[in-house]
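Next come two complexes built around chain A: one with chain B, the other with chain C.
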Partner chain A sequence: MKFRAVMIDAGPMREFTNIVSTISRLSKECILRLSPDKIYLIVSEDNSGPAPPMLWCEMPQSTFFLEYQIVGVDDEHKDIYLGIVSANLSKSLVTLKTAKCLKMKLTKKQCPCLTLEIEMPSSTSQQSRQVTHDIPVVVIPRKMWSEFHEPRVPHPDISIELPALKQLRTTIDRMKCMSPEVVIRASAEGRLTLQIKTDLAKVSTRFKDLRVEAFEGPIDHSDSETETQTMEDVSRTCYCRVDAKKFSMFLSADQISHNRTICSIVHKKLVILCLQTEENVKLQCFITGIVY
Partner chain B sequence: MDSGKTLCSLIKAIQFQECAVFCAMQEGLKLTVEEGKCVQASAYIPADNFNEYHVRDDVDVMFKISIAVLTECLNIFGSAEESSLKMYYRCEGSPLLLVLQPQSFSNVMTDCEISTQTAESVLELRDEDTEEVAKLVLKAPAFLSLLVDMEKTCDIIEINLSPEHPNVSIVTYGMQDRSCIDMPKSSDMVQSFNCEKSVTLKYQLQHIRLIMKALAVSSKVVLRCSSNGLLLLQLKLEKEDQRQMFSEFYIVPLLDD
Partner chain C sequence: MKCHIPGPNVKVLGRTIHALARFGDELYLESSPDAILLRTLNAAESAYAMIKFNKVFFSYFNYNFYSTDDKEGLKCKISMKSALNAFKSPTHMDKQVENLEIKLDPESCKLIFIVKCKHGIVKTHFVSILDCKAMQAVYSKDLVHSRITCSQKIFTEALGNFQSSDDQVTIEANSNSFIIRNYIDCNIDLTKVIRTQINIKPTEFDSYVIGTETIITFTLKEFKALLGFAEALSLPLQLQFEITGKPVVFIVHNGTTFEAHFVLATSKPDTNTQASSTQNSSAVKRKRKEVHIKSNSPIKKKLHLDVDLSKYLDEDSHLFNYIDIPIEKDLNNIDELVHNKTTGSQSILHDNMECDNIIPASPTSKIKIKAIFKRCFESTFDPRSIQGLVLAENSDSE
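Here is the complex of A and B:
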């Protein structure tokens, strides 16, 4: 197994740092999967056990790295899966924003390590400094790879573009204080409603004129408690009740400069949030619905 | 109302209990919070703060509401955002409706239904028969920094007011110490001073500290002491548009042992 990569552009470096720091805030540990054409950061739910990944981030290596060499165990297993403490990785990358060059490689010291060599320009002289971080990693054996495959999800009933994440986050954070669960409702007419209901209050925030990417209607509402007060055609809306904390966590990804964020809903079952950036990075978050 | 921001900061200033009594009168809105039977805090929002304000005059609009939920709802778009606010209330038992719309985004709005409860009666601490023995007008930021400086572990605060120098002296008693702050009426922070004969009043410092959040958002504070020892603090919050909102604290004195 061999891995070596070099990054020299400031833009990708900043983006890489932002992505890693966002992920480190979401989870203590993550899986770094290296493959010949992409690198992946995968987060499973904290309560260990075979659960499908909650967060899935893929980055095409060619837009980030100048050089990229990888040799897997054998020809059939070209990928490398590494278990890593995400805070270690993000702390090591803090200096990357001003760095000239980053070399990443897999090394064998006392334990397997992901070694980061960061070359820093010196403010006083022409010479540069070199900082080396050795981050201990756990090499994930092949038989466990299947746990970290991209989750296979049912076809979403609706995909709708989200409003500015920062704005959405302040609203969700207020709601989070009042209720642990929030209902996300999206309609084919481009409306997105966030709603909480407690004994003390019922609060709904409505966004309108959002772009609907796809709609696979009509939605069968026959088994749900009908709310007849809504004027709109219920067969054109679908909803899902999710954990407000998880939703808010994903929204902290707003510091990654992104093109757009799509929210896809499988009626009452699943919410998939997908953030895409200029560099073709895709950050996906899967939040399963809460059903009573 | 064009901006719910000041309203929210005023309500937050009296948020030391879970529930508040919400009362709508012809003159404006009033929210009252009580701590035991010792402290009563009210926030007044005069009707001229609203672009439109209607109250039916044949019924008493009065109910109990969770103040924490109310502030979260008012702040739903974050504290940086100015948002317009509409409030509706139909009748006893119906929820208080809020409709908020931020000024910088037009494609979003929030509506809240906050459940209400029938209000118990509010303490009537003011006694018309007792006369006022002293009145003091202070600058709120200066008074706040004075309270911040006081030792937090002290239980009792003694306020001595007298027509002679030093006109105001504040003494705190702690476990081991006694500290004293003198404030002559010529001091910068004293805007006006009225006291005919000297009085000594004792309060729980903890009660006085409840006003600190309100002081932080106010410009001016009026202290009134009545002959039965009841302390009334009236705080004025000035907004950019010259309209005013008030908060008011009644604090019951400690009796001599």
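Here is the complex of A and C:
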């Protein structure tokens, strides 16, 4: 097993730092999967059972790295899966925003380590200084790889573009304080509604004129308890009740400069949030619906 | 003693007090005919700071204001918290304060700070004096072979790379390279910590002279505090150090007005522990716990200072010279004895912490502990080593 990669451009370095720091805020530990053409950051549910990943981030290596060499265990297993404490990685990368060059290596220094060699410019002279971080990692054995495959999801009923994440986040953070669950409702007409219900109040925020990417209607509401809303064709809306905390966690990804964010809903079952950047980074978050 | 400090200098004094507050909980003030000295020592006695303000720092200075016969100057110890109260928000102090007056009357039990602010506001702080002793560390300065002068920025930037959980740093200096590392304790699980190393080219420093190449380890908390002090006053920093076990001295000075010395104890990183087995490290942990109960104080390295007075040479646990105001030699000796006794239990730590041969052998209690666990460290079990009764005999070879 060998891995070595070099990054020298400021843009990708900043992007990489942002992605890693976002993920470190979402989860304590993550899986770094290195493959010949992409690198993945995978987060599973905290109560680690055989649950599908919650967060799936893939980055094409060619846009980030100048040099990229990887040798797997054998020809059939070209990937390397590493368990890493995400905070360790993000804290070590904090200085990357001003760095000249980053070298990543897989090393064995008393324990398996991901070694980051960062070349920093000196503020006082023309010299540069070398900073080395050895981050301990756990090499995930092959038999456990299957736990970290991209989850297979049912075809979403609707995919709708989300409004600006910052705006959405402030809304959710307010709602989160009042109720642990939020209902996300999307209609084929481009309306997105976030709704909470408490004993005292029902709060909903509506976003209009959003672009609908795909709609697989009509939705069957025969077994649902939803009160029929006037003015709206029920068969053209679908909803899902999710954990507000998880939703808000994903929205903290707004510091990654992104092109667009798509929210896909499998009616009453699953919400898939997908953030895409210019560099073809895809950050996907899977939040399962809460059903009573 | 009575002195006046002009507005801009009050800010400097405020910064000083704030920096010292990050070292110790008590502040020692001593006046001499031409200067005022502020000193502090941290609880673990591994860090000491001394800041000397010369006469020119003050707009008015009279050390013998109350005209006593005492030629020694006045000494007092106050709590750091009360000193901090008089210097809240040092950043704005120069804009609000016009003048600060400090009064110390040998007859009184209060140290008085009179802060004259703008618009005729006068704040008077009466600070209780806890003690009339002075404290002084003995360390060598200017005689050492390794010296580095640089802007504090280099270190501040370097420390930015470390994790907030790191509490000690190791400096490895030789004439061609200068490496700062986070110190990994021998009982920490290596798979949990990040090891960080920063390689700084010696040419980055303003001056760089290394007499003997050395590896020194000292605490990060105090280091950060003194860097903050140098940063606030935008003054360069000078490091003076010798070899492992001898203290490292940081000097910040502004030509003639003031001079600050920060002395940090150093210890040698125990390199062999990195290869040690988990069994070993857990034993060390247990051992340390025992020591912890015994000493009943926050465990840190003991300051191991180079003492130039010959009488201190063989008692390395004695670091500080407590001087009583009326100097009575007998009393002083008793004081020393008591001090030695109290530090005796702490010196058990020496071998444990520093794994270093320079430190003389500790009391026997530690060896006893070692003997209990000794067999665990032997690679194979040797039945011959057990002497005495055989309680259960070997069964027949048949």
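Criterion: the second predicted complex is superposed on the first by the 289 of 292 C-alpha atoms of A that agree within 3 Å, B and C clash if a C-alpha of one lies under 4 Å from a C-alpha of the other, contacts with A are read in each partner's own complex, and residues count from 1 in each chain.
Methods note: a contact is a pair of C-beta atoms (placed from the backbone, for glycine too) under 8 Å apart; a residue touches a chain by one contact, two chains touch by 3 or more.
Remember, predicted model here, so these are calculated numbers, not experimental data.
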Do chain B and chain C fit side by side on chain A after the overlay, or clash? fit
Taking the superposition as given, does A:R206 touch the first partner, chain B, the second, chain C, both, or neither? first
Once the structures are superposed on A, label A:T171 by its partner contacts, choosing first (chain B), second (chain C), both or neither. first
Touching A:S235, do we find chain B (first), chain C (second), both, or neither? neither
Between the C-alpha centres of chain B and chain C, what angle is found at the C-alpha centre of chain A, to the nearest 10 degrees? 70
Quick check on the superposed pair: does A:S257 touch chain B, chain C, both, or neither? Answer first, second, both or neither. neither
Regarding the shared-chain residue A:S62, is it in contact with chain B (first), chain C (second), both, or neither? neither
Of the two partners chain B and chain C, more of chain A gets touched by chain C
Given the touch rule stated above, what does A:C111 touch, chain B (first), chain C (second), both, or neither? second
After the two structures are laid over each other on chain A, how near do the C-alpha atoms of chain B and chain C get, in Å? 12
On chain A, positions contacted by chain B and by chain C: none
Report the residues of chain A in contact with chain C in the complex, numbered from low to high. 85, 88, 91-92, 94-95, 109-111, 113, 120, 122-125, 127-136, 138
State the interface residues of chain A toward chain B in the complex, per the touch definition above. 163, 167, 170-171, 174-175, 177-178, 199-210
In the complex, go through chain C and note every residue touching chain A. 150-151, 153-154, 157-158, 160-161, 163-164, 190-201, 203-204, 274-275
Spell out the residues on chain B that touch chain A in their complex, using ranges where they run on. 66, 68-69, 72-73, 75-78, 81, 95, 105, 107-115
